[in-house]
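Shared between the two complexes below is chain A, which pairs with chain B and chain C, respectively.
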Partner chain A sequence: MKNRRIPPGFWFLLPGLLGFLLFYILPFGGSVGYSVMSQPVNGKFVGVQNYLSLLASPAYLRGLWNTVKFMGVSVPLNMALSLGVALLIRKKRHRELFTLIFLIPLVLPSGSMAFFWRVVFSYNGALNGALQGLGIGKVNWLDSALALPVMVLIFIWKNMGYNMVLFLSGLHSIPMEYYEAAWVDGASPRQALWSITLPNLAATSVLVCIMSVVNSFKVFREIYLLTGNYPHQSIYTLQHFMNNMFASLNYPKLTTATTILVCIIAVLTQGLLWLERRTSS
Partner chain B sequence: MNTTAFGNRKNLVSTVLLVCLGLLFLLPLAVTLSGSFMSEGEITLNYTTSLSAFDKLDGLTERFAGLRLIPSPVTLKQYATVLINQPAFLLLMFNSIKIALPVTLGSLIISMATAYGFTIWNWRYKEALFIVYIVVMLMPLQAVLVPNYIIADALGIQESYLAIILPGIFSPFGVFLMRQSMKALPTAYFEAARIDGAGPMRIFFSLVIPQMKSAIAALCMLQFIEYWNLVEQAVIFIKDYTKEPLSVYLSRIAEGRVGLIFAASCVFLFLPFWFLLLGQKDLEKGIELSGVK
Partner chain C sequence: MKKAIALMLILCMAVSFAACGTENKPADGTSSASVKHEVAGEIAGEISISCYDTMQYKAFLEAAANLFMAKYPGTKVTIKTFSTMPEVKVMEKDGATVMSSEITDDPVARADYLSKLNTELIGGGGADLLALDILPIERYAKNGQFAPLDEFMNSDPDFHPEDYRQNILEAVKQGGHTVFLPTDYSFNYATFDKSLFTPEQAETLKNEGTFTYAGLISSAEGAFASANAGADKKIRMLEQSARFLFGALWDENYSKFINFADRTANFTDGSFAALLEAVKGYADKGYIFSDENAEIISGQQVFFRVKSDMSLAYDLDYNKVSPIQFFDGGSENDIIGGIQANADGNIPFRFFRGYAMNANSKNQRTAWEFLKFLLSEEMQLSVDGMGLPINNAARAKKAEMSIDGSLYGEKTPMTEGMQNLLAEYQAAVERFSDRINAYPLADSTISAMIREETAHFFDGAKTASEVCEALQSRVNLYLGE
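Our next item is the complex of A and B:
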């Protein structure tokens, strides 16, 4: 006779899964439903109408494009920098102190940090004061195409530490014997880096990439506090668009944008996991 | 001989580089900390960009904000206001605790159990479900807020902390982190325990949890920091000013009370900073590297 007993793992999974379904999947499904209605309450079915009008909206397309652009620049840059710093500090005597210093931005409140960045980057800010003193002249940091590099800088300042910690722990898990074998074979440190360190960090890199994407969305808080609802067009992100739609109660646009984003992120996740499988085999 | 000299020089260069980078990273903290010991007048003098009558007499045509790191004179007035004269600050901080603590503990319990379920129960759609968890984890907060709002409305818990706490407890991040760490546990160990007759409950409590101390510390720290600093959720759900967390108050920094905000920020960041000091080592050990899938 077949064993029909429910496996114990099911009972462990159940409470978390129920909460996850109730608080995330169910309302997400609801917002997919709203995206094909003319309005959330007493709306009628309009098919892909909302999608068509969203894809024709310049504000949405700008937000989407800027978000893609920001991630395309900031995530790889942050990964490269945090790996570089991890390689530099791993053999240092004061490694823990350095790690702590780079982690500190994580605990600073966004509000006072937004004030700090404003003091630095505003038109009569400290940075322009220094540039003026050097005879270079003032630069409009926040209200020009330079706002994007500023946003990347703030993102890296905030998140480099955590990524670095992930890389440090990845470096830590590479067996010393690999390096000893390479040393015996006469490999240079540079060769060891390319043929041992980097290939063995592939799995960590995928993890760091996932965490960087998660955190790259979070930089919105600082940017929002720094530049408000309608910043310079080069840093008007998808989150600005969603935030403004939420504020103006435009639910059809908002739920449609959410649905499209779910699809994009699902594809992105599949890509990352495919990369992970390829690198680990 | 030559190579060691070269190695030493390289070492020195990298140390100098790191120290410079470290100082740059510390600058915002240093400005906040020193600002908290300045009087409001000194702060206004440092950060204002509008010209005073004296500036005009001096022939200045523009003024820049300056980052001054040494307060003169040092004053504890801002701290006295935050800690003693205006009990509202402590009240708001208590509100922050009332949100961050339940989320941290709740998500720890739920994530551990769920991740353990994922680990020991092999069924057909397990990996597909886990991908759903990852997708939701990657969604930006602005996209998750609408679902949160819909469900809070349906349950009648909007304007209560529960509208923030419950989604926080069931957030996919904890499950992701815990499952990554559980993958690294030696399976042979558990096989042996099972052969000896230990049930899944027993294995969970006496084998899995003790082995995952670092991961548990890392999760608690990250969740606590995340919800200690929350802004958006509270702005949407909490309408009553006396109920909002301190992080929201700090985000409304305005001229005229900058010093106060600086001092409040220092008090505010003390708790997460202390956790960071305690758990820094666990953060490194707590995330596992056996890969995502």
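Our next item is the complex of A and C:
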């Protein structure tokens, strides 16, 4: 008879696993349950009806599109800029000081940040004051199509330091021998970047990409503090939609949107991890 | 190992799915039978009431709870309020002690309260009765969070709809069902200063018809010009600021701009911009005050005074009790003109206190009884009660108690003049109240957007067309959810 002893590692994993089940899987299961009910109280089973009506909701589709658009712009831009800064400061004398400066936005409370950016970008704010001083008219930064670039700027300002640290760590893990061999062979700095640095940063890039995607969802907090529940249409994200559904007690729409979002994030993360495995091998 | 983890995951999912279904009652006609069963049940156990506004609800509800618990031993009523009480400042001025307090609107506290309440409700809990002070009524009702009260009203042999203002009960129905109940009501009525009009004009205005703000202003433009020709100090049309008047005009014209049935907004066809410009024009011409912070002195002479509460508590002058004094708006020449109607012709009302029953309530029987208690003559005669009582007997009695002073603990014998005043007041209140036929559910989110955006216009930060475009975008987004 086959010995079916439970491996000791299981018992070490068990507390964490139970916590994960209790605080993540169980509520998510409840959430999926609500998404197939007509209403939370005295509701009846409606199958995929909520999913169909959500996919026909203009507000949801706008939120989804804006979130994709925001991610599509801010994640690559943030990665490129943080990699650039990491490459620039990696051999500088005051590297630690630069790193600290870039990390400051990450530890600032969102409320203070929102206050600062409001002072800068509000209609009667500092930036418009400066523009007026230059003889240029005021611009409605937060209540026009310009709101999206403003939000991208805030996202990059906040998250660049974190990504830069990850890239710095990736850069330090590349053996110096690779560069020395390339220089002996007469490689230019650009060739070294393309042929050594970037390929060896593939695994770090995937991690940075995942973290940037996750952080791009968190930008809602700043947008919300700056522009409220119903901002300009160009910066209305999925989180606005879900937050507003919670405020109006529309659980079926809220839970349906959550379920779809979890599926999208799961597929995206799996795709990125697959990419990482492929590049690593 | 993998099999064990998979099995645990499946079990957890199954448990959470099962949890979604067990508490749910059928949404079909069988609920009526369960309500009948509820109404026949025992009045006992604990219930709670959740309110945002501490100042408006706490003392009143605590008094009601004590009376209710004394009437029904074995019950316990808990009042939960959220907002902080305004700070009372005491100072000495000219040898006298002056107390003052400033009531400020705190949007963050409001959002926190709604968030806390929603978290409780989403977990299947929450208070048994919910005060409607800041709740988005339309959305809660649409999502089935309010228990249908008409089922209690129809099943309870002790509840007699004819004891209450039935047009008010009809007006608050949502999709044919009563899901919340106001305990009081009030409406806007206008008085005009007869000394500023010709006798013919005064006769036309005195017909107790309906009015709109725009109608009032256009009817007095000629009289305004002649009364103010060469005068140093202008007599205004209304004692209001531009922003306040815009708010009133917005309420009046709500249905022109918001279509809840189609979930669409209409701010860009020019009529909203025209409304904004018109109000600015009124301020420029001196019809109203242009600045919110201008010294608006109540009681000064104006052409029209729009009053929001036909209540003896506010209007009665005890020193000059006479049949016409309750119409007094600060000037002896003020005469009642009419009741306010919306642009669509409906005559609206508002309420100070209203309640809904949480559909999650585990003690709906006692909650319903408490709600009925709040509607009873006993509670509706409370001196803390605002507006006009919805209970017919209480409304009549409260008027009498206001005039003879017994409401305030100082009863005086009724003179003939006081009797006449009472009769005239009661007749006027009922005459106007009979005409009420609508309760426009002003959506608090849309109202907040309107206030925010139009403030930019009155500040000069945005043009009318910029405000219209911003509102069209934001409100459409909200309605599209």
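Simple rule for what comes next: the second predicted complex is superposed on the first by the 278 of 281 C-alpha atoms of A that agree within 3 Å, B and C clash if a C-alpha of one lies under 4 Å from a C-alpha of the other, contacts with A are read in each partner's own complex, and residues count from 1 in each chain.
Basically, a residue touches a chain if its C-beta (ideal position, glycine included) is under 8 Å from a C-beta of that chain, and two chains touch if they have at least 3 such contacts.
As the structure is a prediction and not an experimental result, all values here were calculated from the model.
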So if we stack both complexes on chain A, do chain B and chain C clash, or do they fit?
fit
Identify the partner contact of A:236: answer first if only chain B is touched, second if only chain C is, both if each is, neither if none is.
second
For A:199 in the superposed arrangement: first (chain B), second (chain C), both or neither?
neither
Quick one: is A:271 in contact with chain B, with chain C, with both, or with neither? Answer first, second, both or neither.
neither
Geometry of the superposed three-chain model: angle at chain A (Cα centres of chain B and chain C, steps of 10 degrees)
80
For A:26, select first, second, both or neither according to whether it touches chain B, chain C, the two together, or no partner.
both
Scan A:120 for contacts with chain B and chain C and give back first, second, both or neither.
first
Answer with first, second, both or neither: which of chain B and chain C does A:105 touch in the superposed model?
first
In the superposed arrangement, which partner chain does A:175 touch: chain B (first), chain C (second), both, or neither?
neither
With both complexes overlaid on chain A, does A:76 touch chain B (first), chain C (second), both or neither?
neither
Please work out whether A:85 is in contact with chain B alone, chain C alone, both, or neither, and reply first, second, both or neither.
first
Chain A residues touched - chain C or chain B, whichever exceeds
B
State the minimum pairwise Cα distance, in Å, between chain B and chain C in the overlaid complexes.
5
Determine where on chain A the residues touched by chain B overlap those touched by chain C, and list them.
7, 10, 17, 25-28, 30, 124, 246, 251
Residues on chain B engaged by chain A in the complex (per definition of touch)
14-15, 17-18, 21-22, 25-26, 28-29, 31-32, 47, 49, 62-67, 110-111, 113-114, 116-123, 129, 131-148, 150-151, 166-167, 169-170, 172-173, 175, 180, 199-201, 204, 225, 229, 231-232, 247, 249-253, 258, 261-262, 265, 268-269, 272-273, 276-277, 280-281, 283-285, 287, 289-293
Can you check the complex and tell me which residues of chain A touch chain B?
7-17, 19-20, 22-28, 30-31, 85, 88-89, 92, 96, 98-116, 119-120, 122, 124-126, 128-129, 132, 157, 160-162, 165-166, 168-170, 172-173, 203-204, 206-207, 210, 213-214, 217-218, 220-221, 225, 238-239, 242-243, 246, 251, 254-255, 257-258, 261-262, 265-266, 268-270, 272-273, 276-277, 280
Write out the stretch or stretches of chain C touching chain A in their complex.
1, 4-5, 8-9, 12-17, 19-21, 24-27, 31, 111, 114-115, 118, 121-122, 136, 139-140, 143-145, 359-360, 445, 449, 456, 461-462, 466, 470, 473-475, 477-478, 480-481
If you look only at chain A, which of its residues touch chain C in the complex?
6-7, 10, 17, 21, 25-30, 32-34, 37-44, 57-60, 62, 123-124, 140, 143, 229-233, 236, 241, 244-251, 253
